[in-house]
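When the chains are written out, they are named A, B, C and D in that same order, and each has its own residue count from 1.
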């Protein structure tokens, strides 16, 4: 057991797309959960983040890795509403479940985004089989790095302390670099 | 212990580039070894394989992952000799150690290529920290899949039985598909 | 003079972005006009069409080539309204003038789209220095072909009969092929 | 007639690939000639230049545009000999005629390269229908710019003075920028 790990807070969601019943993180224990936070009009999400989430969804077995899109709108709320998102999801043929982050009364930043302290979109959050947050990354990560993180979690589950601390990556310029297409809060 | 695993045979090499002393697999125990077999005039190697090997070399810490290029010439031997390879490695600014596979008397296929039963170039061989072959793949693999395999090995070392058997990947059309640019024996 | 050429009908537009005064085709005589029809939630537009229009805008001198974006919404009108488009244009940092095609009462297809008989989005319409339509293409064209057409018009103006008939292009599989990301009426 | 234009000097060539009889520029009057100078081990040629030459070859009608590869070796002559080039051309499935630039006794730079005063590889030389040099560019040009130049020549032939002087391109950062992968003399 490792005191440093943080249990991923439950998603607070007003609606789901591509999904009849809501997904609860507490019911996904045993799987790696890939939470991809995006905004439908954020270029970095459309060009990099969403294709990467789609690749994860296609590459991994749904029994082991659950991809969840989280539409966390923190600007231009009126034009990125549920109806617009539904069209977007349909036009881009996204297949994985997508949660609509719950608006916060009187604030731009929605509830789940605030709880996870996301810095903007796209953000990638990896949650291990015990429900702990193992990565919380804003901006662009290359595919090899993402595959590395997920592969690591799939092999070890809760037996490693910290995916970042033990991480063998040197973190070159392409890894986690700030992508100018990302949208910062 | 798993009887099914095969110990990676030692490389049989006539020369090294980017390296003073030869690398022996037996001296790399404790590291994951990424063996990238290529031919300098194989388009699939130049366009996909070598950039991927370079990315692995840049992404991972050399203490944990050792990339080795293996120049396994099985056709047009005269024009892919050591002098030509040296120019190629210099022009493409490759930084990782590159072994020149030992020619087999009277045969086109060089010794190490034969030992590993490679089907052509590019081929990617992953060797775990105990020296066992865990993946032997001909053709193109996407970066996420390669990152997944390496991350898996880094976390578990010899504690998993078979990277392929336990593999959570569904293996979609992009994964391990035959790349027309690959050169088959 | 060539009887076969069609004078480009004037744009019917409810509003302009990136532009104070409306642009009239009749006032653009002497320039090549590149009309790029798109929908902000059409993946083929976002991924191929808009970057190509941006490249044309950056590459050519504004005195000779005028790029105009035409937002021709023929589906999901409610979520691709002016407010949404404004956010889109701002987020994607589009610099060229963008016209909002005028809705047709009781029909999905807007007025200018109907007049030009566009088949969907993205569509590229080239108008010569005399105001004649010289190309009306639905789907993806590669950059070399587009540069070829524009260069041809810049050199000859109205002295050639038909850009397509005289066109030296063989039209291989990449040229004008139907792009699955295109949105057809 | 324009005194400023330079007649393209005849190619001095030791051998041709993909071609039985030699091509003489003097016999290509009436066509636009695209001369693509490269070295088979120059990364900028392999990654950008040769795919672009291939696209030109595929896009235009051979009656109007003649692509000629010019293998102008100015370094590492021993390993970029005719045998090596033949393998390269075959492996990369190049279809257009390729001339081997004639070596200069006692100098690294071959004869045709010297005559054309090329600065390195890849270089793109455009020759109009009257045999005049209209563009002589070292490094990377984007496809749209190349299409623009060729389209311009196809329309006007010898009726324009100078493709560069009349050129409507603003020449942004991507156009003609020095490509670090280019090989300079």
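Here, a residue touches a chain if its C-beta (ideal position, glycine included) is under 8 Å from a C-beta of that chain, and two chains touch if they have at least 3 such contacts.
Computed from a prediction, not measured in an experiment: that's the story for all the values here.
J.: Starting from the Cα centroid of chain A, hunt down the chain whose centroid lies farthest away.
T.: D
J.: Please report how many Å separate the Cα centroid of chain A from that of chain B, as a whole number.
T.: The mean C-alpha positions of chain A and chain B differ by 32 Å.
J.: Give, as an integer number of Å, the spacing between the C-alpha centres of chain D and chain A.
T.: Computed value for the inter-centroid distance: 48 Å.
J.: Taking each chain's centre as its mean C-alpha position, how far apart are chain A and chain C in Å?
T.: About 36 Å separates the centre of chain A from that of chain C.
J.: Two or more other chains touching the same residue: where does that happen in chain C?
T.: none
J.: Answer with line, ring, star, complete or other to describe the graph linking chains that touch.
T.: Topology of touching chains reads as a ring, each chain with two neighbours.
J.: For chain D, which residues count as touching chain C in their complex?
T.: Result: residues 55-56, 58-61, 63-65, 142-156, 160, 168-170, 172, 174-175 of chain D touch chain C.
J.: What residues on chain A touch chain C, complex-wise?
T.: It comes out as residues 41-43, 46-47, 76, 78-81, 83-84, 87-88, 91-92, 183.
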